[in-house]
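Presented sequentially are two complexes of subunit A, the first with subunit B as partner and the second with subunit C.
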Partner chain A sequence: MIQEIISGLAMGCVYALVSFGFVLVYNAVGAVNFAHGELVMFGGYFGLIATSWMHLPLWAAFLFSLVAMAGLGIVYNRVAYYPMRQRPAVTVIIATIGMGILLRNSALALFGPDPVKLKSFLGDHVFDVGGVIILQHHVLIIAVTIALFIGQSFFFSRTSIGRKLEATAQDQETARLMGINVNRMITLTFVLSALLASIAGFLLGPIWFRDPDVGLIVILKAFIVIVIGGFGSIRGILAGGLFLGVIEVLVASHLTSEYRDVISFLILIAVLIVLPQGFFGEKVAQKV
Partner chain B sequence: MNPRKKILIVFLLLAAAAVLPVFFKSSRYYLNLLNLAGIFIIFTYSLNFIHGYLGLISIGQAGFFAIGAYVTAGLTMAVGLNYFPALFLAGVASTLAGMVIGFPATRISGHYFVLITLGFGEIVRLVILNWKEVTNGTNGVNNIPPPRLGPWVFDSRFSYYYLVLFVIVLTLLVTMSLRRSKYGRSMLALKVGELAAMAMGVNPLSHKLINFGLSAFFAGLAGGLYASYVGSISPEPFSVNLSVDVLTMLLVGGSGTIAGPVIGATFLVFLKEGLRFMKEYYMILYGAGIVLVMIFMPYGIAGLIDRLAVRLRYPSG
Partner chain C sequence: MKGFKRMSVFFALALVFGQVRLSLAEIQVGVIGSMTSGLAQLGQRQINSAILAAEEWNARGGIKGEKIKLVVEDSGDSTTMAITALDRVLSRNPCAILGPIYSFQLFALFPEVQKEKIVLMSTSGTRELTQKNNPWYFRLYPHDGFIKRVCATFAVEELKSRRPALMCVTTEYGKSGHEILVETLRKLGVMPVAQTWHNKDDKDMTGQLMAVKRANADVIISQAHPPDTAILLKQQYELGIKVPHVASSAASMPTVHELVGPGMEGVYVEAAAEPNYDPDPMMQAWTKRYVDKFNTRPDSFAVPFYDAANFLFETIRAVGPDRSKIADLLRKNRYKGLAGNYAFDQEQNGAFFAMMLQYHRKDGKAVPAVAKKYDFTK
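Then we have the complex of A and B:
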């Protein structure tokens, strides 16, 4: 039972990281990035390119993935968001869906349909705590996630660049009047989102088989997490991710493994009906 | 253009569509593409009820399509019903599902609506996948019989074309009469500004629910047509990708227009087929194409044609 809960928490942490990257962009520009799951997938695939094609050690592969994903984030902003920034939100949504198809099938063409696994920094080592077996990788996931969530709150409230990003997200016009280069901040937001995707991809690599369709599954989970947490709330995402991760593991092992995802989606719909602002989120208000 | 002229044009185009397959009678390949395009035209019109009239994005449309397909197959094969009542009942079943999900979904808007429809579509697919006693799981349902109406059997691609065309005309009639009714106008008012429309006495909930039901009905019909045309169905094609495909067709064609769904569905069915020779690269180009269309033609092909027509008529403007 404890074992299950810890693996659920680890899974939930990955969900939270994926959702975090998605929400960064959403909060900054109001764009719903449907290809964020594909970005997570590419984070892992870049690691794979580095380890199995370039024969780099895992830490170098991680650096390579971060750099490559930062570049991808810049390109992504230029192609799928920037040209459409003045248009209705649906235009951007469809463009990101198009980007998702493009990225998914690029992965298919490059790596083939067979699932592959990325190595973990900690291998397959386990902790044995009084008979409870805990995968060290799970502990790593939880530690990294906690560090990142603490780090982000420091970054956005204490550093100059973080505050500029925050200001841009709150009100672009005012931020521009304050002398902030809004377009640069938006590009930076996309880069940060891609970096988070890269980290999530690396953490997910060893525990999930990676095939070109994984991005879709990942983003669907992230949507559930984001709705549970309240659209846009960072605290809510962490809580929502952990909640979903644990619930999934418990449902799969005690109730039904086939209908596990059905139950996750029912939770999504139930939360939307009963508590549309999520557990931590904004009020749903309507603009005239 | 006055309405009478418009109806005349629609009429002429339908006449052209009626003679079109005669030219391809010897080519099973092109007839197949035309039939698939036809089924997707109905499917795209179904989404037009939601996006074109209400401005809401649904990416759960594949769920209704799947319900239509499985109910049609079930009623004709297990119950032994004739195809046409079965198809109608499939539409009704799909509408009921639409009501169940539409009741909560129409109370919320924006990206919340997108997510609730997404959740719905996935639930339908997962239930079909796992409810093996009824749906036969991943193996799917095979040997679905062709439609039969008295002495006629729609078992050739040529005859199926006319069946599909008939349902397209039905869909068109509903779409066009909706546009011209008080109802349709209230809906367009809702799309432009919900609060303002409410102040004018439009009840947004009932309007949205009716449109959602219509959308589900026609998506179900399209699914029922698909099932007996292809002859075998499995859960695999009814994924989010299908919902995304149909949304793309609508937006590429031009949402909220009469011509848009026809243009978008036909164009993309043929484009996908035309790019197929590029093997694994064709879906990459397809994705890139969607992005380019959104950058350069945000109102779809129909919107582009409209703007060109305006420019031709008023060259200086």
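Then we have the complex of A and C:
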């Protein structure tokens, strides 16, 4: 049981990390970015370009991926969001779906259909703790996730730029009246989201093989996590990610692997019946 | 007005004769396979095989002086795309079609193929494909009914397994293989101590592998596609589950070896052919031609597909591009290919040979050795 819980926690951290960048954009612009999975995929592929094509060491590849993804975040904002910013949210959503298809097919054309693996910063080593196998890479995933969630809390509450981003996410009109350059803040949000996608891509690379379709699976998991955690809640996605990761492994191991996803979704529905806003969602009053 | 009429007649005749000349000069053969999506890693290599075979025939002058023209269409990763690809291929009026490897796409193509009365050849292993009474479908790959029996028999008789575990993917391929594995094990007097399932897109198999470990299995027999096979093998190695693994043919793919790394040590894999390490000079020469042309290594499925293309071209050479005659001759004909000898049974299964490979790591690469060969070609 301990083995399953540890593996589930690591998977849950991955889900939470992926969902983090997704939620940032949702909170800032009020639209779901359906191409976030593809951004995670590209984060890993940039690492692969640096290690395999440019023969850079892994740390340099990571920096390369961060820079490239920041650039992609700016381009993404300019192409998929900025021209549509005055349109209804559904238009932005459709634009993100289109970007997802574009990125997926670009990956296929550039890297081919074969799955590839990215190296881990800690290699393929494992700890054997009383018969429980712990991958060093899983420890890294958990540590990075904890650090990022603590870091974001500090960033959004204690720094000027973080508070501006928070203000923009809460109410763009008021933020503009307060003298905040909203467009710049939104661009920065897309960059932050792309950077998080890059980190998630690097952490996923050694355990999930990378192929042009991996983004679709990533985004499905992220969506479930966000619904369980409470749409838009940062605390919620951590709780939702860990919950989903552990439940999936436990169900496959102890109940049924054949109907693992069915049971996971039934649990999701049960959670939503009991807690319609998810674990940490806020009740929102709507004008009618 | 008169001049216009003459011109119209002239153009109409020119078009008709142009068309006739075109159809006389080229023999159209359809090729449908996954060129995009995650399924393309198998599909593209098969299409490469067909291209290589056609180019070799054309270099020798084609079929009785007529060039082979492949009409290649992408079946992507869905039945919808497969049907669209078939419609596009049929619009060019081919005399036969080399089809995709994935059974869920093949099943979707069957109604149209039967309506059009056109030969569809493929290298899929799913047992049920040839049990649908489709007289136009021909399989040139050892089907699961045969090759899964080989796997189960090998596990029990050679590896002396008494507590096997089955790990299968939830696709048609996985279910068909699972059924035959269970049936064969039962006949051999052994029952699986654990049976797990996973989706083809699953990225974590810890739960399934822990269930196998708790059941104290002495052999794992898996039936899965390339990406999930790679995850199963890699995680089995990481979790320290040290029991022999008899994997389906996906584990013979070079891309899977790269993903699994040291976890390939000792893994047994069923295969119809092993193009990269088979010492046969003809196979070596073919693999070199393939690598030179496509800059990628062929997998074990690429060889039977190359054989299928050649078998088909050989049949067209004998009877001409007539759909019914091609089907009739295929049923009676035999063919010696690169991978082995082919002859169709009543269900139109054409391959009854297989080998069990065992992989060992040498200089960071997974190198296979033949553990046992099986050939039941009549």
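Keep this in mind: the second predicted complex is superposed on the first by the 275 of 288 C-alpha atoms of A that agree within 3 Å, B and C clash if a C-alpha of one lies under 4 Å from a C-alpha of the other, contacts with A are read in each partner's own complex, and residues count from 1 in each chain.
Convention: a residue touches a chain if its C-beta (ideal position, glycine included) is under 8 Å from a C-beta of that chain, and two chains touch if they have at least 3 such contacts.
This one's a predicted model, so the numbers in the text were calculated from it and none came from an experiment.
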Combined model on subunit A: subunit C and subunit B, fit or clash: clash
Contacts of A:Ala95 with subunit B and subunit C, given as first, second, both or neither: first
Partner chain(s) touched by A:Asp261 [first = subunit B, second = subunit C, both, neither]: both
Touched partner set for A:Val227, first subunit B, second subunit C, both or neither: first
Touched partner set for A:Leu272, first subunit B, second subunit C, both or neither: first
Contacts of A:Tyr45 with subunit B and subunit C, given as first, second, both or neither: neither
Contacts of A:Arg87 with subunit B and subunit C, given as first, second, both or neither: first
Which of subunit B and subunit C A:Asn105 touches, first, second, both or neither: both
Touched partner set for A:Asp128, first subunit B, second subunit C, both or neither: second
Shared subunit A contacts, counted only where both subunit B and subunit C touch the same residue: 105, 108, 258, 261
Subunit A-touching residues of subunit B, taken from the complex the two chains share: 55, 57, 101, 104, 107-109, 111-112, 114-116, 118-120, 122-123, 126-127, 130, 193-196, 240, 244, 247-248, 251, 280-281, 283-284, 286-291, 293-295, 298
Subunit A to subunit B touching residues, read off their complex: 32, 79-80, 83-84, 87-88, 90-95, 97-106, 108-109, 216, 220, 223-224, 227, 231, 258-259, 261-262, 265-266, 268-269, 272-273, 276, 284, 286, 288
Residue numbers on subunit A that touch subunit C, as the complex places them: 3-4, 7-8, 11, 105, 108, 112-117, 124, 126, 128, 133, 135, 207-209, 211-213, 217, 248-254, 256-258, 260-261
Complex interface listing, subunit C residues touching subunit A: 34, 36-41, 44, 77, 170, 196-199, 201, 203-208, 210-211, 214, 226-227, 230-231, 238-240, 255, 258-259, 261-262
